[in-house]
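Below are two complexes that have subunit A in common, paired first with subunit B and then with subunit C.
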Partner chain A sequence: MSKIIVQDKSIAVPGETLAVGMDMLPGSGTYREGESIKANRLGLAVIDGRTIKLIPLSGRYIPKTGDTIICKVIDVSFSGWRLDTNSAYSAMMSMKDATSEFIARGANLTQYYDLGDYVMCKIVNVTSQKLVDVTMKGPGLRKLRGGRVIEVDPNKVPRIIGKQGSMVIMIKDATKCNISVGQNGLVWIDGEPLNELLAIQAMRKIERESHLSGLTDKIKDFLEKNGVHRTNV
Partner chain B sequence: MHKELRSHIISFLHAGIRLDGRKLTEYRKPIEVEQGVVKTAEGSARVKIGETDVMVGVKLEVGEPYPDTPDEGTIIVGAELLPLSNPEFELGPPGIQAIELARVVDRGIRESKALDFRKLCIEPGKKIWMVIIDICPINDAGNLFDASSLAALAALQDAKYPAFDGEKVDYKEKTDKRLELEKTPIAVTVIKIGDKFIVDPDVEEEKVIDARLTVSSMEDGTLCAMQKGGDFPLTIEDIDKMLDIGIEKAKELRKHL
Partner chain C sequence: MPYNERIDGRKFDETREIEAKVGVIARADGSAMFKIGNTWAYAAVYGPRNLHPKFLQDPQKGILRCNYNMMPFSSSGERVRPGGSRRSKEISLVTGKALLPVLNLDEYPNSVVDVFIELPQTEAGSRCAGICAASMALADAGLEMKDLVCAVSFGKVDGSLLVDLDYSEESYKDGPVADIPIAMMPNSGKITLLQMDGEIRKEELMELIEKAKKVMADIYEVQKKALKEKYHEVEI
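And now, the complex of A and B:
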C-alpha cells in the first residue's frame, strides 16, 4: 500500500516527494523516481483517486494536444506557416490544415495568413521533441481580424474562462466585447474603446485575485460598479 | 504588417483614449529617478517610466582637446541596446536605433549648453575632461528617448570629479567637486499616429507610428534640439502643435529631476 505524503491541495516545491509506492500514478507536473512520485514544478498537489497531479501556480505555457490557442504567424514557408505559440516551442500549420479553401499550386500563401497575423488554432499533436502541429479546421478556429491581443498568465486562463465559460460570458455580456481566450495565455479582444478597457481591467483583476473564493461575484460587482458604457446601436 | 493594430489604435485615439487607458498626452506612471546607482561610475542614474527602465553612467576621463577647440572639454554619448531589454535587439556593433538614441541625447545636452565645455578644460591645448555618458536600457517598454535623456541629465547632476593630481586620475577617490549643470534640457518625444498626437508611446504604439519628433527644451521653454523620425512627413502646423506639447510635457518631467 502506498503512502501519500502531502495533503490534498497543499503547495509542493520542485523535487518534493508527494507519495511513495507503486499504487499511486504520477499525473501532470509530477514524475516517478524509483518508488516515489515527485513534483516537477511549484504548484498545488491535487490527489484525484489514484493519481497525483500538480496544478502549476506560475510558469510559461507548455503546448498540450487538444488545446485551443491563439498564435501569431512568424514565418510563411512553401508548405505552410510557422506560428509563435507564446511558449518555448513554435508550431507548424501545414497548408492542408490551414483552410477549407482550395490553395492552388504555387499560390502566394500570405494572402491567407500574413506575417504578424493572429490566428485561433487547435493543437493536434505534440511530439516528444515538442514539435507542435496545429490545425485551423474546426468550430471557432479562424483568423482574428481587428481588435487586439493581450497577454495573461496561462495558468490563470481556467479562472478567466470560468466553469463552462461562465466568467468570460459574463465579461462579454457586460462589456459587449468579442473575446476569445487561448489556452496559451493570449486573449483576443475587440469592442468599443471604453468597454474594451473595462474587460481588460476585469481580466487583470481575475489574474490578481484568482486564488480568492467568490471571484465570480467580485467580478460581477466590479463590472456593475464601473458601469457599462453602452453605445447606441 | 501591423495594419490591424494600427486601425485599432486609431479608433481608440479618436475616442480620446489609448490602448492602456491613458489620455493622449499622459505619461505612464510612476516616473522614478534614482541617482547614484553605480558605485564605479562618477555619476549614475536609473530612470523608470512605467515599465521602461534605463540606466545611465557618467565617466570622466582626462584627454587631449580637439585642435579647433583647444580650451574646451567634450562629451561622448554612447548607447548600447542590450538584448535583455528587448528581444528584438541583438548583440554586436550599435545599429541605427542605438546611434540615433545616443545622438539625440548628445544633442540635447550639447546644444542647450547644459555643460560649459570651457570649465572642463584643465590645461588649454593639452588636457581636458572628457565626459563619457553611457546609456543602457534595462527594459525597453517604449519611449527610450525620453527616459534616456532624463537619465543622462540625472546622471550628470550626480557626477563628481575623481581625484586628479595633474598626471593620473585616481578613480577610487572622488572629490566633492561636481559637474556644473547650468541648464536642464528635457527631451519629450511627440508621436503622430493618423491625425492624433501622443506622448510616451508603449511598445505597440511604437510599431505603428507615422512620425515622431523629439523636442528638447529648457526651463524657460526655449528649444534646444529636435529630431524627426518615422516615415511620414510633418506639416508646419503639425510641428507647431508637437512643439507646444513637447514644451508643456517637459515641465512635468522636470519636476522629477
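And now, the complex of A and C:
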C-alpha cells in the first residue's frame, strides 16, 4: 500500500518526497526514485486518483504548438517577420502566413507589420531545436492597434482566463475594456485609461493570489469595490 | 595549544545562524537570499533566455552561466576591486559545476540560464552561501531540478573538526587549518562540490562528510521553508 506524504494542493520543493510505494504513479513535474515519487521542480502538488503531479508556479514560457500568443515584431526580412515570443526563442512568420492580402513582389513589408508592432498569432510548429513558426490566419488573430500590452507570469495565464474564460469575461465586463490574453504571458488591454489600470490591477491580484482558492469571488469583490470609471463624452 | 573551544561559543558541529528568503529581486525570474552569520548572499536567476555569442550555444541543451561577485566593501580586509578576479572566476566555475548535476536544461536548447550571485558582506563560507542562494533561486525560477543543493564549509582547526568555519577560524594562526567547502544534494547525499585548502587525514575527512549529511539536512529544511513561505505570504 502506498503512502502519500504531501497534502493535496500543498507546495512542494525540488527533491521533496511526495509519496512512497509503487501503487502511486508519477505525473508531470515528478520523478520516481526507487519506491518514492519526488518533486522535480517547485510547484503545487495535486493528487489525482493514483497519480501525483506538480502544477508549476513559476518559470518562463516555452513555445508549444497550438498556443495563441502575443508577439512583438523585432525584425523584418525579405520573406517575413521575426517576432519576440517572450521566451528564450524568437518566432518566424512567413509572408504567406501573415495576411490574406496579396503582397506584391518586392513590396515593403513594413507596411503590413512594422518594427515594434504587436500581433496576436498562433504557433503552428516548434522543432526540437525550438525554431518556432507562427501564423496569423485564424479567428481572432490580428494586429493589435492601440491599447497597452502588459507582461504577466505565463503560468498564471490559465487563472487569468478562468474556466471557459469566466475570469477574463468578468474583467472585460467590469472594466469595459477589450482584453486579449496570450498564452506566453503578454496581455493586451484597450479601453479608457483608468479602466485599463483597473484591469491591470485585477490581473496583478490574480497573479499574486493564483494558488489560493476562492479567487473568482475575491476578484469580483475587488472589481465591484473599485468600480468602473466612465469619462463624460 | 589545541582549539578546544570556539571563539564565538558555538558547538563544534553547529553552524552560524541561518536565514533564507525567496523572491527578493522582483525583476529576476527567480531570486533568493541566504545569510549564514555575517556572510550574506543574494542570487538572481535570469532565463532561460537567448544566448549570445552564438558559438556558446549548445543545440542539445541549455547552458548554465554563474557569476560570483563580492561587493567592494564586503570583506573585513582590503576593499575588493570591482570586476572579476582570478578567485571570483574560479568560484563562479565551481558554483556552476556544483549546481549543474541537479538541473535539467534539456528543454532549452541553444539558450542560457544566468545566475548572478552578489555578496554584500562576507565573513568566510561565501561560496557555500552563494551555492545555497543560487539553488533556491533556480527553484524559484521554475527550472526542472531533481533536488536542491546545500553547501557549507567544514574544517579542521588545530586538531578539532568543525562545521561552518568563520573568518577567525579560517585564518587561525596558532595551528594548522584545513578548510573544506562541501556542497551536497540533501536527499541523495551525493556530493557536488568538494574543495580543500590545508591538510587532513582520510579518516577525518570521511568523518566530516558523514557529519555533513546531517548539517545539510538542516540547511535543506531552511531552504524548503523559505521556498514555501513565498507562496504563503499572501494568505495571511
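A few points about this structure:
Convention: the second predicted complex is superposed on the first by the 178 of 233 C-alpha atoms of A that agree within 3 Å, B and C clash if a C-alpha of one lies under 4 Å from a C-alpha of the other, contacts with A are read in each partner's own complex, and residues count from 1 in each chain.
Keep in mind that, in the parts below, contacts are C-beta pairs under 8 Å (C-beta built on N, C-alpha and C of every residue); 3 or more make two chains touch, one makes a residue touch a chain.
What you are looking at is a predicted structure, and each value in this text was computed from that prediction instead of being measured.
In the superposition on chain A, contact of A:50 is made with neither subunit B nor subunit C.
Once the two complexes are overlaid on the shared chain, A:116 sits against subunit B while remaining clear of subunit C. In the overlay built on the shared chain, the residue A:137 is in contact with neither subunit B nor subunit C. Counting residues of subunit A touched by each partner, subunit B versus subunit C, the larger count belongs to C. After overlaying the two complexes on the shared chain, residue contacts for A:41 are found with subunit C alone; subunit B is out of touch.
By the touch criterion defined above, A:193 lies against subunit B but remains apart from subunit C after alignment on the C-alpha atoms of chain A. Of the two partner chains, neither subunit B nor subunit C is touched by A:204. When the two structures are aligned on the shared chain, A:147 is found in touch with subunit B, with no touch to subunit C. Judged by the document's definition of touching, no subunit A residue lies at the interface with subunit B and also at the interface with subunit C.
For subunit C in complex with subunit A, the residues that touch the partner chain are 29-30, 47-50, 59, 62, 102, 104, 107-111, 139-148, 185-188, 220, 223-224, 227-228, 231-232, 234-235. Only residues 1-2, 4-5, 7-8, 11-12, 15, 17, 19, 21, 204 of subunit B touch subunit A when the two sit together in their complex. Of all residues in subunit A, those touching subunit B in their complex are 114-116, 145-148, 190, 192-194, 197, 201. Per the touch definition, subunit A reaches subunit C in the complex via residues 11, 13-17, 29, 31, 33, 38, 40-42, 56-60, 62, 87-90, 128-130, 155, 208-209, 211-212.
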